[in-house]
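Shared chain: chain A. Partners: chain B in the first complex, chain C in the second.
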Partner chain A sequence: MSARSGQAPLPRFEATGLWLAGLGGFFGLWTLVALSGAVSAQFLPSPWAVVERFGELARTPFVGHTIQEHLVSSIGRYLAGFGLAAMIGVPLGLMMGWFRGLDDAVTPLFEAIRFVAPIAWVPFAALWFGTGIGGPVLIIFMGAFPPALINAYRGAKFVEPRLIEAGRMLGASDLRMITQVLLPASVPSIVAGLRISAGLGWQSLVGAELIVASSGIGYLMVKGQSAISTATVMCGMIAIGVVGYAIDALLRAVEAHIHRRRGRNAR
Partner chain B sequence: MQPGHSAAIGVATVVLALALWALFTTAIPWIDTARFPAPADVWAALTQITVQGYADARLWRHVAQSSVLVLTGFATACTVGVALGLAMGWSRRAEALLNPVFLLLRPIPPLAWIPLAIVWLGLGDAAKVLVIFMAAFVPAVINTYTGVRAMEPQIVEASSMLGARGPRFVREVLVPAAAPHIFTGLRLSLQASWTTLVAAELVGALYGLGQVLNNAAQDIYPGMILVGMVFVGLCGGLMTAVLGWVERRAMPWRAA
Partner chain C sequence: MSDIRFSGVTRVFQRDGREFPTLAGIDLAVADREFVAIVGPSGCGKTTCLRMAAGLEFPTTGTVAVGGRIVESPGPERAVVFQQFALFPWKSVWDNIDFGLKCKGEPGAGRRARIEQIIGVMGLQGYESAFPHQLSGGMQQRVAIARAYVLEPDVLLMDEPFGALDAQTRTVMQEELVRLARVNPRTVLFITHAVDEAVYLADRVVVMTRRPGAIREIVDVASVRRAERWDRHERIEDVMDQESFVHLRTHIWRLLREQQARNDH
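Our next item is the complex of A and B:
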């Protein structure tokens, strides 16, 4: 089957070789261009220079703080914005899934607000809450809120009808229905939504800090940009990528854990 | 419940929200119009930007600027991204070669490319297109790749038995089979492109909707801020709708 030959798994040594070739090609080309002098080191530092710059940023403060301190203030803002989005989005989503009237009333407003890119809230964020904590938190909230709400809502809508009927028959109040039937039944959907929220929130944080902040990794990158220090900008990109990856990995682990436990309970 | 009931409640809420907005900004001034505009301020801002212009140009010029940039970056990224995704999905060799670099770049959020693009290319159009490219590229590759990998082996076997190979195989088997996933990727790409462009224009630009927002923020002009936000939403929504239309035209076999 000639057409399928491309799909057959590769022998291990070949796969490893190609992996190394890909990575080597990327870093090799980068180093080569940087060292050739065709582009000045200010615009394209060698990979090694970026690593050195990272060490410098970790030891000596840049625009007021070391890179760890910038990272801490970014993460603080992030947790505040993401926490708010989860605390408001999940209960509201569940309630919209239960009360038909609330669903009809909130949905058009929610859709209208969701249409606007989170980053477009930057001017109001700066005007209402300033550039310290409040402004960036609003933007993170705007990024993280919609998936939190939507997935809680969908989770509540797709609860098995027999669970709802049983709850009703046993005389559960609306509050108990939401907290003791809908919430536990929609946990997988909620967690999946929070994972999307977390990713979008982290992206929005970066955007917010590029524009309305006076500390944080995004701020460090903007200052590196105005100082035309490509190495500083790249250090910021690496830090953002690593933390974003770690957040996603953590939530993936939580998701897997929940699925495993659910599997056991079902049996 | 009657069919029109939900819609009626929806319309009623929107009307109520608009009425409350008008009430609390004008008759009972609980909301400070220096922080959130009254309806009249928004109308004034809208006429100003359409008739005299604001931030160095009229509204249509800003909208055209932003839209052309998004479409340029998006189209480039999708062409490269879909091709790369097809290659990585089809050939294990291509996947092994390209995946490590891709995995390295993937966790970097699109917005984080903005400062680098500005250092390299300045505040002009080229930097914007680079940033949009980075935003749109990743979802296009991932989803195309997933689409190819999700293909049923029977389709591949049948087409190879019938002698489809080379470009004809790509055009008539691979792309249509992966099309639903490809379009999912394109939709995500388009949304990411638009958000990223607005952010890039907020960081620095000469024209564009982000520049309108930026100027309005500096002038503390809430009416214009809201006008800018509404048009960011409208343009984004319109582009997604057009893509949805293309999707339905491109895959008539999926129509309900």
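Our next item is the complex of A and C:
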């Protein structure tokens, strides 16, 4: 990753130092506010109260499950929603980039639908698929689907024309064109799209579970709110943040790996 | 029979509601197994002619027919060698050559034999698993030619195939192409800027006018080549040294210069 223009990248230890300072500053401020007694523990739980609560949630079930179990069920839903979005979005995007008719038919509809926030699908998700696994999966899907599709579509649209001409000249069928030319040529764009898709999917998950679910981190947070346990809600927020960060870090690593490999392939 | 026939071909580009004629009535017949080179000033539409034979572009009026059939789409019987190679960067040399055969649905054993043969002919042994970016420009163009030749196309369409190569590599490739054309003659339409190259390779050289392109003159090289027995010489520089070669080259240069002079006014 390069630094912003005009700035040299910081040495590694300095960067790590700043990272720690930022984190330390945040928790320090939080501790100070909590210690000052200016706000009630109900209003803003102190860091140690959150840590303590986290320990409890990990050991004893809250609304049926420990926090780990809630997390596992959230991740399961998330993988289903994100997986479906990738499996449908990428091939559909590539096809839209290849078949002119499909492009004309689907793109306007899609350009409108993508502005509807995933959470707006909640009533229909609940109505059509219930509050068990299906409803939340649909909402995650709605969040993760647009970037998966759009990036595959753009990737396919902007493949070098001479490679497409070469493929056509060599007698490639539509299927072969899509799988052997458009897909490999679009890999960087597709991976970038899936990274955005993964992030938006994880964000939508919480929204989905806040409303429709019987387990999961979002569900834990709603129940924490009902029980007026702000520390529980805070624990949920931390779990979401940490897992989201981990998902993004993983996909960034995959992306960097692909770029390294393909950088050598670029002419 | 796989001749190429341009009949009254014109091409007009539309931009901002204005019309730009690029080709003004091309009539040209390339006979079966004939090697025809087209030279002309930049932007005269010579590449457009080739792309129309390939089925990548279409005439505004008139027709382009290959083997008596009007060209409507690209196809492996009209293989193209592009100036910028257009190899698939994510495929190895072997897989690049294999691509067209796979598209044809040839069985594995047959493909294997044919790829091995063309790799031998083009001097690509040892590079089968290399990727295009690992090869020099000359080697990449060998792969591109192998990829076209392996399909045993009726017609080979070469769009300034050696334009991106350095002078030495270019010479080697020109000699190779002559050798290949002797072993396995094809109908070839060859676009180039280089007059030397055109005279050395082609049976006939078509000289085009500047835009909108029309045919200025068709120069017969084959009869001179036979009469003067250019094929006695193995090396390109020896052929180029022949008085008859120099004479033809100068003639074509003058025709092109004429276009240049018109351009300057």
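Definition applied: the second predicted complex is superposed on the first by the 234 of 267 C-alpha atoms of A that agree within 3 Å, B and C clash if a C-alpha of one lies under 4 Å from a C-alpha of the other, contacts with A are read in each partner's own complex, and residues count from 1 in each chain.
To be clear about the criterion, a contact is a pair of C-beta atoms (placed from the backbone, for glycine too) under 8 Å apart; a residue touches a chain by one contact, two chains touch by 3 or more.
Because the structure is a prediction, the values reported are computed rather than measured.
Asks: Looking at the overlay, what does A:G236 touch: chain B (first), chain C (second), both, or neither?
Replies: A:G236: touches chain B, not chain C.
Asks: Quick one: is A:G28 in contact with chain B, with chain C, with both, or with neither? Answer first, second, both or neither.
Replies: neither
Asks: Between chain B (first) and chain C (second), which does A:M169 come into contact with in this model arrangement: first, second, both, or neither?
Replies: second
Asks: Have a look at where A:P184 lands relative to chain B and chain C in the superposition and call it first, second, both or neither.
Replies: second
Asks: I'd like to check the shared interface: which positions of chain A are touched by both chain B and chain C across the two complexes?
Replies: Common to the two interfaces on chain A: nothing.
Asks: Note which residues of chain A are touching chain B in the complex, please.
Replies: 1-4, 6-10, 14-15, 18-19, 21-23, 25-26, 43, 100-101, 103-109, 112, 115-124, 126-128, 202-203, 206-207, 210-211, 218, 221-222, 224-225, 228, 230, 233-234, 236-237, 240-242, 244-245, 248
Asks: Where on chain C is chain A touching in the complex?
Replies: Interface residues on chain C, with respect to chain A: 54, 56, 73-76, 78-80, 82, 84, 86-90, 99-100, 102-104, 131-133, 147, 151.
Asks: Would you tell me which residues of chain B are touching chain A in their complex?
Replies: Contacts found on chain B: 1, 5-7, 9-14, 17, 35-36, 90-93, 96-101, 104, 107-116, 118-120, 153, 156-157, 159-160, 164-165, 169, 194-195, 198-199, 202-203, 213-214, 216-217, 220, 222, 225, 228-230, 232-234, 236-237.
Asks: For a test of understanding, state which residues of chain A touch chain C in their complex under the given definition.
Replies: 160, 162-163, 165-173, 176, 180-181, 184-185, 262, 264-267
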